[in-house]
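One structure coming up, written as structure tokens, with questions to follow.
Chain IDs A, B, C, D and E follow the sequence of writing; residue 1 opens each chain.
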Amino acid sequence: MHERTSATGSREPDAPVLEVTDLAVEFMTRSGPIRVVEEVAFRVRPGEIVGLVGESGSGKTVTMMSVLRLVPPPGRITAGRIIVDGTDVRSLSRDGMRGLRGSAVALIPPDATAALNPVVKVGDQVMEGVRSHRPQVSEAEARTLALEMFRRVGLPRPEQRLRRYPHELSGGMQQRVLIASALQMAPRLILADEPTTALDVTIQAQILRLLLAVRDEFGTAILFVTHDLAAVAEICDRVLVMYSGRLVESAPVADLFGQPLHPYTRALMASIPPLSADPPDRLQTVAGAPPEPGSWPEGCRFAPRCDLRTQLGGPDVCTTSQPPLVEVRPGHHAACHFATSEAGVRAATDLAATVEEAEAVVLPESVQPGGAA
Amino acid sequence: LAQEPAAGTIRVITVEPTQGLDPAIAAADASRTLMTLIYDNLVDFDESGALTGGIAESWEPNEDLTSWTFHLRSGATFSDGSPISAADVVWSIERMRTSESLKGALANVTSVEATDDATVVVSLSAASRALPLTLSRGGNAAILSQAAVEASADYFAMPTVTSGPYTLESLAPKDRAILQANTAYWREGYPKTATIEYIFSEDQNSWAAAIESGAADVANVGYNDAQRLREAGTIPVEQSDRLTPLFWGFDTTTPPFDSKLVRQAIAYAVDRQGRIDACWFGTGAVTYGNILRPWDPNFVEISTYDDSDRAASLAKAGELLDQAGWVVGADGTREASGVAGVEDGTRFSVSVPYEGNWPAAECNTLLLQQTLKEVGLDIQPNKYDPAPFWGDVAAGQFQMYHGGAGATDSDDLYLNWFRSGGALTPLTTHLTDPEIDAKIDAAIAGDAETAKAIYAELEAWQADELPMLVTGYQWPQVAMAPGLEGYYSIPDTSLKWLANATITAP
Amino acid sequence: MSGIGRPLLELDHVERMFGGSWLGRLGGDNVVRAVDDVTLSIAAGEAFGIVGESGSGKTTVGRMIVRLLDPTAGAIRFEGQDITRLRGGALLAYRRSVQMVFQNPYLSLNPRRRVRDMLLDAYRIHHLASGRDAEERVAALMEMVGLRRTMLDRYPHEFSSGQRQRIGIARALSVEPRLIVADEPVSALDVSVQAQVLNLLRGLQEELGLTVVFISHDLRAVSFLCSRVAVLYLGQVMEVAPRRALVERAAHPYTQALMGSMPSLAPGSGITREVIRGDIADQQPPPGGCVFAPRCELRRRLGDPDRCLTERPWPRELSEGHAVACHFADAEARPDTDARPEATGAAAGPTTPTTPTMVGISDPTRVPAVTSTGATT
Amino acid sequence: MNVIRRLWRIRSARVGVVLAVLLLTTAILGPMLLPLDPNAIDVRARFAGPSTAHWLGTDDLGRDTFTRLVHGSRMSLFIAALSALLGTLLGVTLGVITGFLGGWVDVAGMRVVDLFFAIPTLLVAIGIVALFGPSATTTILALGIAYTPLYARLVRGTVVSVRSRTYVDASRVLGARGVRLLRTDILPGIVPIALVQTTALLGFALVDEASLGFLGLGVQPPDASWGQMINAGRQFIFQAPWLTLIPGFAVILAVFSINLIGDGLRDALDPRASQRVGDT
Amino acid sequence: MARYALQRILLALPLLFGLSLLVFFYVRIIPGDPVTAMLGVQANPDLVARLRAQYGFDEPILDQYLMWLGNVLQGDFGISFRSRQAVAPIIVDRIPATLQLMLGGLFVSLVVAIPFGIRAGMKYRQRSDTVISTITLVGLGSPGFWLGTILMVIFALVLKWLPSQGYTPFTQDPVASIRYMILPSVAIGLVGAPFLVRVVRSTVVEIMKEPFVPYADARGLREQVIFWRYIIRNLLPQFVVVLGVLVGALLAGSVAIEALFNWPGMGRIFIGAVTERDYAMIQALILVYGVIFVVINLIAEIAQAALDPRIRLK
């Protein structure tokens, strides 16, 4: 952990590459606008990998695409400020926005197969990125650059790969192509939306490793959207947890796993089966289903499913007032009225211990679990 | 006389000669008009209809009209330059004698002989004035090159060696035929136009448009179009002075039209002027019983079916039908009641075909349906494929049908329409009546007086017997491109006169 | 779990090929050997896992078990009876014994039918119950899978994905089968919902004494639910191991790679070391050799022995119930690849397999003689 | 029903439905309500322009254009409906049989379908007319048969794709097969496609009927159909252009409304519109 | 690619064989005696004999087929009994005219449909889409001959800009040839265009829904690049296949248009043959139309594979 942050320590950590404040996104529907993201605020510092986790539909992708101002219609950013490298994204012109996309901020989409143009050779697709942003770059130069990038993302036999069509590459290689394409403009920030979800575990591991290497080598900050908490634990410096369109917890990775403060975060962690020779009889689960956007419950959106609240005898405040995201401990924010309640803290400690014990079984000896806590 | 080499192209838009170009077979106008341009006859006729010299420069009968001598024109050649010999003429006439189209008219020929290289003698079993007329029959009485016909099994699919002013250069079905001037044509200075392009089109509605838009130069246009073009004044439209009889044909061998009463009833019921007005836009003439045209020397007016009092005519028709055993049934349609060969209670219901490409025929038949409904007869107009129409008429497939055909004079008309074996008999009256044959032969053999008497008798007979029902005549309407000159339109063989025509580009 | 006895289900040298018409090959299609000489046996009452990467043939195995596909060679025996040739009534009877739960809860339910109708199907097809009786049993099924009977008249789209998967399970249970094949039943679900469904399956398996064949690429889910696991790679069985052996001393280099690729919930702990290269689809496996050879770290470390390319390793038993298809699996100390610290494994003590004896091989005659000597370097 | 309600919510489809209902009502009730005989000839009143007696004027025989148009609608819509129905019946039957049974039935059936598919639709229809002679019945038969290959292919494709759906596998594993499988899973799956396709056929049939009419291979006079009226009117395009234009507009209007409905149906039946599918 | 093409070609062969069977049996399913159906009862016995010989109706059916197929393969389709000319040369003469009209129609369809189709697709459910789609629906209901009649009246008869009918081979006089072909091409093209607009539109809509389009946006690619490389390039493979189908529609549509504009193509002989029951001609024409259509679709399929690597190298 410390080694990793120190690798980028030379950079100025104070000026964030991305600063999002008070973001709200609405989708227009027949029955009026629906707010799917609100009051989302976070920063990503240079060279930092920030994980954004949450259940399906919690607003991760929408939040991320807002940064590129590419919320699909009928979606619309209705409030908030998005500053990329000092530039206010929302005030950029159309061309300005185009200049920003793919150059200062690059995207790695979830499904590489779908994101690649099926009828154009991958090399050409990568090259057209540079040539769109810098028309003065010659075809040959672009090719050299693409070749270089292919090599650096670990594509074997890169010269040949340049001339391949997407479907001639495996999923892992396609994802590498997209990463190569993202890297060639040396972006300050990479937005990676579930870049490994569609891949096999072995390939997932390779890609996650590649993302780490990219950060280390290029110093690029990465906003890493996923619903895989374990992947977050592996590569992120900080984690944002979203639930029903709102951030519910935000913390350095070790803090989050060492002491998860929001009941939802805990529930999420507890429901992951341990990789253990003696698994528990039952997994912990969250009762019920996440609410649909547009029919958010009053007060805390997690309240109806919250076991902490049940434990506490169902205090009214949960259903009447929305808990703000507050800094509970240094650098560790949570949006729960009872984040620091005794029961809450106990639950957090218990859970961390269980997870630690269960996961310890598979940890390679070289790593000291929980070292950063 | 310095001969201008023929130049230019005249484009004619017309129906395709689907019956082919064999003079022995093709009887339909579409074929005959084209054949007149490529085959010459022994005897020709001029614009007034008077017979003139063709390949025969002159001819004369013997005293009792039983033998005719034809003196061939010297120097006349076929298009390949070979001379038109007496042998060719003999062979051609022999071929006509056995042909579908002329075997009736030439039934009385006993021998055809060439007495020398330039003389052919035709002997008859009975006296006949009509031989030269028959031999002038456009298309069918063609003089052919024996050598050329025998050289190819399919000569008539593509007759190239011909005797007429033009030779056939190409014939593309459903497209066009191209005729090229016959450079070896015997008549000095003719044809005056180098090429005639026949454009085939089944759709008469588009013919006027073709001339208007410059896509064609000559067409026999529909009446509505003729009227419109006349009003517009841009395209000259000539009305031929030769009326073409319009008729209803019957199958007189089977019920219901085997009954003269039924045929007469229909003759009473039809609204004659009405249909000329409606279907021919007023450009036609009615007849109330005659088949000969008013200017015919043998014309004696008959007005049996004068329908100026419609009510009376309809009443008369009803009466006749009642008499014939067709009584009004429950729904107003007549039913058989004691009709020979028909089961009692059978409704009077007949399908009446007409040529599908002929708008006026459709109109005429629809009107017939309406009129006959008033007297309780149910007929269904049947739009028929034009191509097989006449073939099917000849095959006797129709009980009643709509028709129209050109004719020149009384001899031609009676000989070809009423005499058994007549060229058009199978298409018109279907008669095989020896008594009538004898009368027609007598008329043709006799002098003008005798003929007139016999024709008067025949006219009265046909008006009463109605082997076919002629209700009126139409005037063909020929539209011509403004630059076309020297062309006279004559029904029946009208296109022959293209050989005289010239065209200048507008 | 039932005791030692005859296996409930046996796969005996099962093979399944796809493609192969001359016209298709002419157009560029390849013959795919999706399942390649797989031999497994599964005891009654056991939860048996099948893991492997995408394209390894897991689904194909599952579909052959439920007779949605026929093997191109080999036999599948259920209670000793070969099911690959069942027809008509016998097949119908078999369908009462073996059911399937599908991966995608959205696609596995007919969007145009009410839940009630779908659940009643079984009773109608097999004439098990009708009228009020059937209604009662359908309602009971709903409750068994944790749904309310009032939901019976809804259409699938009115349910969440977890609920739909429960309906799928209820439908499979409606014929009261002995064995359920669950093909990635939780992969499409959110983590928290996954846990619910896994719990449900586990509960059902225990309470009803169901035999479950659980197919997944998620080692976590498999190790939670299954007492024994088979690892497939390109249609072949790489390793069959009891849970403990799998977690603590996976023998096959591929299994080790899989384990080593699993991210861990303990921050900053796992995947930094490269344990496997390339991609399952990257290279053509050598004909006649080990299909895993091109990606095999162990082979590389051993200096690329030719044997891996020329001779197919057949599964051989390492310990009771633990078989591995690798020439060299136990040939060296594997200082690097042994991801599991010896200490932890030892602390748990030697495991006595609670599962009935089962080895991947039921027909020794077809196993090449080499196996027995293959253990030497 | 659900679909109809959803259809009604689409504005363009609503327009289509209203138009279609108007046309249908006209075609069905019109002939009973109108006082005139469509074939009643009145040569004194030919080519009359629109008037209170003749709303859309008269034709070359003085027949009332409006009356003929209304009777023609009945004929045209009747022919279109029956030929679309015939095409649907044959196409669905063939498609379901080949798609569902698979194997050699499929191969053989589809080869035959491909054959007819290898000849453009209208030409198939004309070929059939050549065999049986032109009439309203032949038109229905010819168009129905001509549409079959297209339809059978579509249905077969859908059946094959539905057959491989997971929910069908689920039913199979439960023991469902044959007719039951068809009834519960396969046929309901092709209903949306079939609805849209039959609607499309209706549109094609209206135009093709007109084309056959123009070529003289369709409805025979004096009966009126739109195609026949266009064809008959053409010769008087200068005297009375309305004789050609009005029936043409009628065809356009009918096809327009049918296509609006078809497009609407497509949207209304689109599963993506109402529920999410396969969000893996 | 070559393998794929070969596969497609091999697959087309049984189709052609089947087509020959279909055409062969066509005359044999005529109700009653085909020769009588063609010639009528009182036909010229010569012709009857000739036709009977041509079809060999008295031989065993297999012999009949083999004889017929042998003749056809040598380019002998028998004689057209109406014109008594050999069928084959008549048809061969017409193929250029029909193909020329088809190409003209195709050109008009493309010129009209591509820009509008793409625009409607890219502006899906926006104003211009609504306008284009409405016009398209109107076009979809306009019978070709009806449009043709109106075009003829306006441009040939009233304005007199173009000839109302006729044909000159392109090789003979290109300018005249094109003047002649404008009206019929436009009439037929406008019939094909709405169909094409709809297909192009819905294909573009589908392409716009593909994730690679928003991803291309996210990469900040230039709009032209997105348009040409993403939208057009992905449209093309499907488009060529649709062109194959469109050709079928144009061939069918050409029948009425040829009749209307007196265009000497196969359509006119087809109608003539049908009304005259000239079955030898009908047989040959169905075969020729079928072969043209099959070949064009074959080309389209192969072109699609050339444009879409996924098909080519599956």
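Observations
Keep this in mind: a contact is a pair of C-beta atoms (placed from the backbone, for glycine too) under 8 Å apart; a residue touches a chain by one contact, two chains touch by 3 or more.
Everything numeric here is computed off the predicted structure, so don't read it as measured data.
Here the chain-to-chain distance from chain B to chain C, counted in touching steps, is 2. By the document's definition of touch, common neighbours of chain A and chain B comprise E.
Distance from the centre of chain A peaks at B, each centre being the average of the chain's Cα atoms. A straight line joining the Cα centres of chain D and chain E is 22 Å long.
In whole angstrom, the spacing between the mean C-alpha positions of chain A and chain E is 54. Our note on geometry: chain B versus chain D, Cα centroid distance of 46 Å, whole angstroms. One inter-chain figure worth recording: chain C and chain E are separated by 54 Å, centre to centre, where each centre is the mean of the chain's CA atoms.
In chain A, the positions touching at least two other chains are 56. Those residues of chain B in touch with two or more other chains are numbered 356.
If you check the complex, the residues on chain C that touch chain A are 53-54, 160, 162-163, 190-196, 198-199, 202-203, 217-221, 223-224, 243-244, 247-248, 257-282, 339-341, 344, 348, 351. Contact residues on chain A toward chain E in their complex (touch as defined above): 65, 68, 70, 72, 97-103, 106-107, 109, 111, 114-120, 128-129, 132-133, 165, 167-168, 181. Interface residues of chain B facing chain D in the complex, by the touch rule stated above, are 204-205, 222, 224-225, 228, 274, 277-278, 356, 359, 362-363, 366-367, 369-370, 381-383.
Here chain D touches chain B in the complex through residues 39-41, 43, 46, 60-62, 216, 220-222, 234-236, 238-239, going by the rule given at the top.
Within the complex, the chain D residues that touch chain E are 111-112, 114-116, 118-123, 126-127, 129-132, 203, 206-207, 210-211, 214-217, 227, 230, 234, 237-238, 241, 244-245, 248, 251-256, 259-260.
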